[in-house]
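Multiple structures are listed underneath, in structure tokens.
Both of the next two complexes hold chain A, though its partner changes from chain B to chain C.
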Partner chain A sequence: MDNIAGSKSSLGWAVNITVLVIVVLWLIPTVGLFVSSFRDRDQISVSGWWQAPFAVDLTFRSRAASEPVQQDGLWIYEGNLFAEDAALAQTFGEGSGEITAFGNRGTQPAAYVAGEEVDLGDGETLLVNSDGTYRFTAAEEPRRPPTVYFEAETPPEFTLDNYRTVLTADNMDLAFINTLTVTIPATVIPILIAAFAAYSLAWMDFPGRGLLIAAVVGLLVVPLQLALVPMLRLHNAIGIGQSFLGIWLAHTAFGMPLAIYLLRNYMVGLPRDIIESAKVDGATDFQVFTKIILPLSFPALAAFAIFQFLWTWNDLLVAKVFLPSDDASKVMTVKIADDLLGSRGGDWGILATAAFVSIAVPLIVFFTMQRYLVRGLLAGSVK
Partner chain B sequence: MSSVEIENVHKIFGTTHVIRDVSIDVPDGSFVVLVGPSGCGKSTLLRMIAGLEEISAGEIKIGARVINEVQPKHRNIAMVFQNYALYPHMTVAENMGFSLRLARHSKDEIATKVRDAAQILGLSNYLERFPRELSGGQRQRVAMGRAIVRDPEVFLFDEPLSNLDAKLRVQMRAELKEIHGRLKTTTIYVTHDQIEAMTMADKIVVMRDGVVEQLGDPLTLYDRPVNMFVAGFIGSPSINFVGGRIARTDGAAKFLSHSGVRWQVDPRVAEVAGGTPVTYGIRPEHFALATDGESGTLPAVVVTVEPTGAETHVVADIGEDRITAVLRERVSARPGEKIHLRPDPAQAHLFESESTLRIQPSGEAH
Partner chain C sequence: MNPIIAGLVTIVVGVGGCVGYFYLSNLLLDKVIFPARGENISRNINRANAVRPWLFMFPAIFALGLYLVYPVIGSFWRSLYNRAGNEFIGFGNYQALFTSGDFQVAFFNNLLWVLVVPAASTFLGLVIAQLTDRLSWGNIAKSLIFMPMAISFVGASLIWKFVYANDPDIGLINAIRDFFGLGVIDPMLVPFWNNFFLMVILIWIQTGFAMVILSAALRGIPEETVEAAIIDGANPFQIFFRIKVPQIMGTIVVVWTTITILVLKVFDIVYTMTGGEFDTEILPSFMMDYMFRDDGIATAVAFVIMIVVLPVMIWNIVQARRELR
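Let's turn to the complex of A and B:
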């Protein structure tokens, strides 16, 4: 038996490494999103989040602010590019930037190496040193001050501005509240109903029970899109219309088959003797349910709660269909999709931040309840 | 406390007739054991008494009340299940007090009753523990405690000891019997273990295929089984059966086995037996070791010898029939050796081979 024990221990580290790899792989997108959410939009578009701690080469534009000096028949502009522009001065500090290349056209901002004097034609020359000092000469008086493009190493920049923007964006706080308003009842209501249904389908004898169970299983495979139009029509017809009540009912209906199926399968695996014992002890069906079945089904209830919470939190489709489109009832997914993606499609920093804000709560829910999720599912399937 | 009367009860599941016309009378305060091989319907019958299965036909009375249509919780019974069926999320005290809590007894009353029951069962130090923190025997006691606190009219036990190891089973058997002696509550106990049945019962009900084969006190069943099934079921090691017929030679009736061996029989039995094929039944403990030449001895070829210390189990062939003998003496014979055994004809039974019924000796009281 030595060889078995040996192979087991050698498998042990293999398993550990595999698990580690999976965990890291699984975490990478989240970490990337998290890092990106603190970065500047320009830095995001130039380098990946894993390069966030390093300086990046960004291109800038500066225009001479000083008056030209006439000397030897030449018009000369001199000064420091960093100092010429207030925004640049703030980004780089006083003369601390390092220019690697420069150019005089926006299409080729890094055409020439810093420190080299370039003949631009028409009697114009340009020299930009790496410390930012420049010298521009022209044979004739220029109509306007020259524009200089340059590439400089920018120190890594982390900022909370994205969070400030997202969290204080128009009605983002309201969208967060709206999401909770949708999610919490849409998680609790199906559990309440499904737990009762699951108990009766598992442990109460009545005619047609098998057919009902088959119907529930059948409904599991029906795509919810099929029900969008008829349900909305129904809601309109009975006066609920597009409202929070409507979306609660919709989420309840869509979550019910899985809820009943999961809970029933778990409950049916509870030992029959315990339930019979409770009945002999004098419990009614309701007491059996509340005092025995519910406490013992906690893992399955938690598992389903997590599922339903995550799915309703992330849902966009049902929210789009069943909630009014006015700004006051937008949930976060809709807000991100419509307002942030629609109006600031290129603003990666804002997008990353909004995405991270919206997954923060599910992450907390998942990490606090994941042990129930895992145990609940195993307990339901193995027993 | 109450008597339980089971009158002409049937149970039909779909097309299978699980229990056929069973009538059992359980007197007040008695300890009745339902015993039989698995699938004989004994557990179903118990569950019908508990109200966990419907009664297809017939009547069950507890005291004077017909309880066919009464809900389990109104039957005033307590049941102990094979796998204890403890509520895993409750402490021992909560487990034991659960039924009282449902019946809305006051907290003090529940605490007192639970403490008393725990005292009886030796669970006083474990009241705050959870079932998962207890050993098998302790869990079994909690299950019994749950039954005891209710002070029910009837205790129902469904193979309560079968999950315990052999040593604990013997110990719990004695404790159960002692508790019954103290509480004197009418008890119906289901087991497939005939030793449990013999040691604990006031009255044993042997069942097979949903029918009561015999009903009586343990020693009656042992001494006077009505048929080959009961004879074979009661007793360990089980009784030996030898097929053959009664032959009269020299005026004396003897049992002639198929392989031609002549066994002595009680003349009072031989008198009743006709010429039909009969089966000779003799319990292993009714053989004695003999020396060659004594009258009434039979030559046997040893197959195996199993010394248990107190006695020796010898498996041997007499003619072509393999028998087991339990001998007081220590036997040194080796397999293949020839020994002589003397069956005690007074203790032997004859059964009609066809009907398997025991042939009653003339003059034996019913």
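Let's turn to the complex of A and C:
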């Protein structure tokens, strides 16, 4: 529109760059989580995720595996630090490791620069070269082979270990299934109930219709918090207690106002002619609803289904109150917020992975069904 | 029973039950109670048609009434009783709340949230909607900014822990501070401002929502108004603020109020990030502290939230009734 006045070219670059910066800013936190979930635990603790593609200096320990050689009154250990230990040999491969510093005490693993021969006292000397070769000499026969600490450039390492740990060791697989168990019935059941109600409110004439619509609009904003205490008491009183059945009922009811509101807004917009001609042809309300309204309302039904799915999948509040707090029925959000953050608070790789596992399904749903989601949002707020 | 099987059974029973209820009750109404035959045929048809809407709406009204209307009264009633629920103490819980320092902090913080989050999200959403409007890759950009909507508040909080962590090798903020030679801080411990750091998370989530709706509203603006302004020599900023924004004011208000309502529901972010420590408590998280411990106080807090929401609710209903006419 603005290009009529020729202003587009002057602002075009600025707009492109601004939007790019905003998008990058918006994505950075999520990318950080994603990258971190694939990183090795040791690497996470020494460098930020933004340095993930680069090598980091990690500290290792190696101990001479061979017997000392006696020469000129000295006991001498010689060899390559990388080759002395099977795990190290695997990490660094043939000749790829590069040592930057070394030491002989665990508290100061990088006390000396590689290539420098150090006098350790008591007639002992130690030399470690950057390629891993070392030479340790002692005036008296050492009781045990010397332990050498060193710092080496470690190539970036990406692993699925975190996923393995999260999905097997932490009951996260059970939590995933629980989330699914809560979500699917809680998404499917309200749709049908709401659709019938929405049809009545949209196309049937009866006294009090306007009042009911106003009530639904009002109930849209009733804070969920009000329902927690009385409904949990009621559930306990009638024997449902804290259970899956309870949370299905709760989610069904809590999703109802939005469902009715969205579906009614959509159904009201359907062409009157079709419905009236069907009625003239002798169709009952029930037939009009099942044969005409339901198929035509598919976009609105899909939109609500996505909303309800995302909302029940991501919910923490209702799950904390209406589900038992034992390990067997924890959903993922509760698992992460109550368990992992406490017990694995410092284990960033595990936290990132758990979070990513929990947001993966909503993200897939979001990106594949975005069209319906947007349409549903618009039906709800723009007239 | 295995929860998966229980879930499947529930779907079958739930959906089957609904279909069965609607079908059978209809059949019963038309064939048995008010049959469309015999001497009273026309009266029967009219009566059946008068009853039918209520038949269709009954399950929904029942669910809404039980889970959303009854609790308003139930919660209020419970909030008038003491912790054990056996002694009527009038407004004692409310009195205790308003004199407690923790509640005042939570109330004040919530006020900040209600003022800042909707304003920031709506403003950012509006600006991004306008900027991406004519970009060739605008839809991709919008889709990426909209993405946090799909992420749970718990997930989002974890994501932002990787920004706020007080370790320059984990947290982005401290990494940047480290780069410039500044000391390490813990953003969650900075008095007063830690609230804003938490708000950023919700703004990050809600901006996409505001953007999508406002973007559609911007597209709906009649082009003639913009063209007329261009011919009159208006610059892009004048067009945006003087021509476009006034025309979508209604939608802006809807977005604003929707986010405001949401802010009063979200306890997850505070719960996950700080647990309400360091003076970051807000009303929903304050309520969860008392849930399972003192139902009297918990319901009183919930009712305070309800009263805060009330003006928005009334405004929504008035708007809806105006549209119906």
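The rule is short, and it goes like this: the second predicted complex is superposed on the first by the 242 of 383 C-alpha atoms of A that agree within 3 Å, B and C clash if a C-alpha of one lies under 4 Å from a C-alpha of the other, contacts with A are read in each partner's own complex, and residues count from 1 in each chain.
Just so we're on the same page, a residue touches a chain if its C-beta (ideal position, glycine included) is under 8 Å from a C-beta of that chain, and two chains touch if they have at least 3 such contacts.
Everything quoted here is computed from the prediction, not taken from an experiment.
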Contacts of A:Y266 with chain B and chain C, given as first, second, both or neither: neither
Chain A: partner with more touched residues, chain B or chain C: C
Which superposed partner A:L33 touches (first chain B, second chain C, both, neither): second
Which of chain B and chain C A:F307 touches, first, second, both or neither: neither
Which superposed partner A:Y77 touches (first chain B, second chain C, both, neither): neither
Touching partner for A:L296 - first (chain B), second (chain C), both, neither: first
Which of chain B and chain C A:V280 touches, first, second, both or neither: first
Chain B and chain C footprints on chain A, overlapping residues: 284
For the chain A and chain C complex, residues of the former touching the latter: 1-2, 4-5, 7-8, 11, 15-16, 18-20, 22-23, 26-30, 32-33, 36, 44-50, 177-178, 180-182, 184-185, 188-189, 192-194, 196-197, 199-201, 204, 206, 209-210, 212-231, 233-234, 244-245, 248-250, 252-254, 256-257, 260, 284-286, 289, 310, 313-317, 320-321, 329, 333, 336-337, 341, 348, 351-352, 354-355, 358-359, 362-363, 365-367, 370, 374, 377-378, 381-383
Sites on chain C touched by chain A in the complex: 3-4, 6-7, 10-11, 14-15, 18-19, 22-23, 26, 30, 49-50, 52-54, 56-57, 59-61, 63-64, 66-72, 74-75, 78, 128, 131-132, 134-135, 138, 141, 143-155, 158-163, 165, 168-170, 172, 175, 204, 207, 209, 212-213, 216-217, 220, 223, 226-227, 230, 235-236, 239, 251, 254-255, 258, 261, 264-265, 267-268, 271-272, 284, 287-288, 291, 295, 298-299, 301-303, 305-306, 309, 312-313, 316-317, 319-321, 323-324
Complex interface listing, chain B residues touching chain A: 47, 50-52, 72-73, 77-79, 81-89, 98-99, 102-103, 146, 150
Complex contact set, residues of chain A against chain B: 271, 273-274, 276-284, 287, 291-292, 295-296
